[in-house]
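The structure that follows is given in the form of structure tokens.
The chains carry the letters A, B, C and D, assigned in the order they are written, with residues numbered from 1 in each.
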């Protein structure tokens, strides 16, 4: 079987030539001065993208590593935590909190809805002693974006540490760590930034560091340890790594961040928003139903579409991949067979990629007997793209 | 301005990752044994693709070099030549023939038609003493394919040398040099093979070599000389180059040919035919008119579409490139402002690339005020793709 | 500052064009069928290189992740462990064992010596109830190779689980997991295999799996969890990943392993041995002293050379990098300022790379006032290379 | 057989990662605006490197194409030409002049000497009516550099057109087209610039254009035609190509020129001079004899070394390539079996590459029974490198 022609999945997603070429650079020693400076520059660019002055820690494993490291770092047994759940990832995070023996209160909404700041406010007032509030900014498994801009300040104002999973948010939607009172968060390079998956872009503020230092269970001398990075790398003047960085991925992330910043963060976010809207209009016009109950909180990274009656997610995806060389995603976790996800991240948010994604799904469903209006779908997708690209340099 | 997202032009066209990576290999000395064996293997693969046992000469410059070299090689002053013209390139070839002081008879059809074997037969009978018959197999400027399979044997049977420009035919449609009696021909790596443009894939049979040797005007000690390649490279046992090969392009052409042969030549040709039909159906459904008067002779490499009333080719192409990052082509030579050409060559004939091409053109025309039915176009394109890909491995 | 011209460090080390190009391949979704098959094939190749039928687990972080995961997996509080120490890495491993509350006996030799099987036998007889014996096959920080071939069977025969760090051994010296009774081990792709650093090549046998399953402290639902990989990936038929693989590094490791196997494992090992001997003879002829007290146990991956009187490791390395573009290594941990290490791994063990390494160090020392016989060093290095390459295809 | 580890030949030579990556960029249409701007920028950079305001024409074939195009362009039958010969290439150029029916006077020196400006002056005075004076700045086949700085103004002052082959001079030694009165010259990208071979960097001044226009035999409507480039590309505002550019090579040449200019032309020239001197001292110290009778005119691009008694060039080169993976060059044309050439161009002039070149040759000769002092050679080479790199950023 051939490599895919298009990877428009929920991530890892297609990367740009610039990123690919960076990944293919000669391997160099992690103590080479050129590499070290590139590493430090990558940290600075992450700060710029997240609009934060806090410490950036580039942990050398996919975002789950960073999330686990952050959670194990800050969460003490008995810590009172509010876990805000609107999807699969947040739900799993709650399991982690409980396994670390935190006292967990969970505020959950259906997975096709976003968190409601008013509800969060109520919950914060009801308890008043939460030490940690955790949420997922953009729930990749269901294509839902939560209002971190509103919930962050509420939680911080209530005296809690704010923990945000911004894995699929960064580079695709506004992420303002400092302005929104986020204390610790983890971004992923393989979603809207369209870099390689093997890195966690962790941001840790002073309050979070204090919590970690005070936590006897915080990983130390461990691949999961943020403190190792602080002590060896940061405190040592950023010349000695606690663990060997993934050289090639550092090159790739550096290129991905550089591409985003060169294009201009605001323009990149607008491009993702336009691509997402194009996919939504296309899907609806084809006769499909979006997963999010309201488009107000549909995510910019992936568009989740309910699997229509009579179709099967897995079989459809395999057919689309085999017949058309287009790799899309299904649901994840408990949503696996309920929905399709088409990605529009990084270069996949450019040009006519949204048309490819929508049409591949539609044509695949049609091949398998589902009635869809392919023409209306394509027309609607193109209509949004035409409008959203007006006056934008390609 | 960004690099284009899609290059679906009349060629050079988008190349595959395999070809790109080959182009990026370390540069090596042309006398390195690894390079020399790769060069010889490239020759063998060209022979396989053209289904010929004749000599292959890889001249190191874009196909025009090979065509000029072949023409100057065989054409003596006073040589009686039949030039078959159905498009821009054949017309220019006639100018060359005349400038070499050949005695030229030209059989010309309108540029939106293909050559007619019956007419050719008549012409061959009328004169009976043609020493050379020349034609273009696939006229890239107008997307027309001529029946070389019928004309080749006719001309050869009439005692003439047969000269064929197969630049945009090879890899996209059947090219059977030996079976069809072609004596000398030139293929291009940058069209259906989707390799780099800097090479001429020249095939020279014994009759053609004899003509070249007998021609006092044939280039010798010249970058245009086929004889230099024969004497230095071929006769010398293929170890000494008369001119330095374009190392990187040899790597790229080697990869492009390998990809085509690995996929299977017949499958690749079928894929090009399917993509071409998809574009034609898409264009017609949108309400546009094809350039070829009959689809029977529409080419497999590019689809030529008449520029509709009220539109301008150049302005439309620029708009499509700027707004959507898709690079298409206009006409060429005297056809420049008359038609659009969308390419579906190499990887561009795979997956949903034809949909991207057709939709980019359609949406661009719509943006500029032309009424087109984008939905019908997309639907028709997808319909053909679905059908033509049935049972074909992606 | 320029990228280095030569990376002949202790690893990550210079990779081959094949590996670089693999790293630069288009990023694809981890659920793409092509990717999944490549992942499975990578596992099979690791098994082939380590000569084992046991399970291979490709953990997605540099080798330290795998080592920590393996150690946390098998080590219960109170478990009686024999930690064999001949260098920095083994010493650190003992700290881990103690932090997991194992009962640790340590058999230590000076860091410029290798472990002695006779001593190990005595220790095993003295206690007779060790549940785990741990050792480092090749101590990269000091360029010492321990006799795993002898110690493995001894320890296994004594009823203990055998844990081996083969990070810098695999691909450079013989590693026979099944024959030598190793139960769990971790290889690194960025040393003799000359791939990217971001992966742990873990091998786990049935006895080790049993120990992990029986260990209540073994990581579960954690980036450190071998069980997660067993349950989700292996038991599930190798179609679902517990964590997102580092796509680009998988491509790179796949290529690195393929290159090694294509060249032939035995030939590759012989090449590393020859390069190591060339460096040792070169260093001695220059007037420098090797770190290992006996060359019998000098490693194949890096050659450790004592820092001569009057020289400083850090300053010398910086000078060599700045003036000559050659990146070498110093010591590590407590050995940092005591020795230099020149790497001869992967492509760095080919051609005249050992001459570059030895001469760069020698010339750098000379520039800084140390008396060295550069000519004798080069001559000796070349002499060994000439002899060791006889009859070997380049 | 493996790819070579080191290509230190007379060119094409090893290219830098930057150039390799540029070659591997996605193929784009030659009418893409991004490509066109890159093409124009490449022209401007050539002008900068040659220190000229004259027109730059990038002909799309290796330098021989440019030289033939320039010669055929300017040389009329009966034109009185002074051909200055100090090597194989200049000798061949005379054959061309004669075949174009020029009236040729040849001033020849032995091929191990450089041209003597005093002799040239005499010859110019003796005839006083030369219309063209031609010379090769750097004779790659024999590693000799001619004093173009002196001869150029003399010839121009005598009223002749000055034609210079600067193929292997540009980027390795000073080339000042305008200051030295050169009217037409051709540089090569695959020598000191370490780019791909498939392009001719032609510079044409107004006097040369005038001669070409006045020449009825100047190629027109031909791949050899400078006039086609002038009329279609330059006069048309640099938007329309007469022939399709070699897209990938344009990317590569653009990168190679950019690298040279980023490093600083003067620094790059100094680096080449240092590397050349290192190779000469190394060769002499080994006991070998340089080809140039005086080092004053030894070239910066390659060092030519006489083949010692009892050795054979071809056999030695094959042995060095097979045993050590190092590709060097022998002589060329009539010098083929008389000398070795080690290249030190582009990245090959950096770091310890000269040591690799000298030692590979020396060790290879030793393997085949020639007595050489490898230690003295290495020591001398390293000594010059140490000195010449002092204070230079790596």
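What we mean here is this: a residue touches a chain if its C-beta (ideal position, glycine included) is under 8 Å from a C-beta of that chain, and two chains touch if they have at least 3 such contacts.
Since this is a predicted model, take the numbers as computed values, not measurements.
Using the contact threshold fixed earlier, the set of chains in contact with both chain C and chain D is A, B.
Farthest chain from chain D (centres taken as the mean of C-alpha atoms): A. Between chain A and chain B the centroid-to-centroid distance comes to 45 Å (mean Cα coordinates, whole Å). Centre-to-centre separation of chain A and chain C, using mean CA positions: 34 Å.
Between the Cα centres of chain A and chain D there is a gap of 52 Å.
Annotation for chain B: residues 1-3, 17, 21, 24-26, 321 touch two or more other chains.
Interface of chain C with chain B (complex): residues 17, 21, 24-26.
Of all residues in chain B, those touching chain D in their complex are 1-4, 7, 9-15, 19-21, 23-34, 37, 60-65, 68, 95-96, 99, 190, 194, 196-198, 221-224, 243-249, 252, 321, 327, 329.
Within the complex formed with chain B, the chain A residues making contact are 1-6, 17, 24, 321-326, 347, 350-353, 355-356, 359-360, 362-363, 366-367, 373-379, 382, 385-386, 389-390, 392-394.
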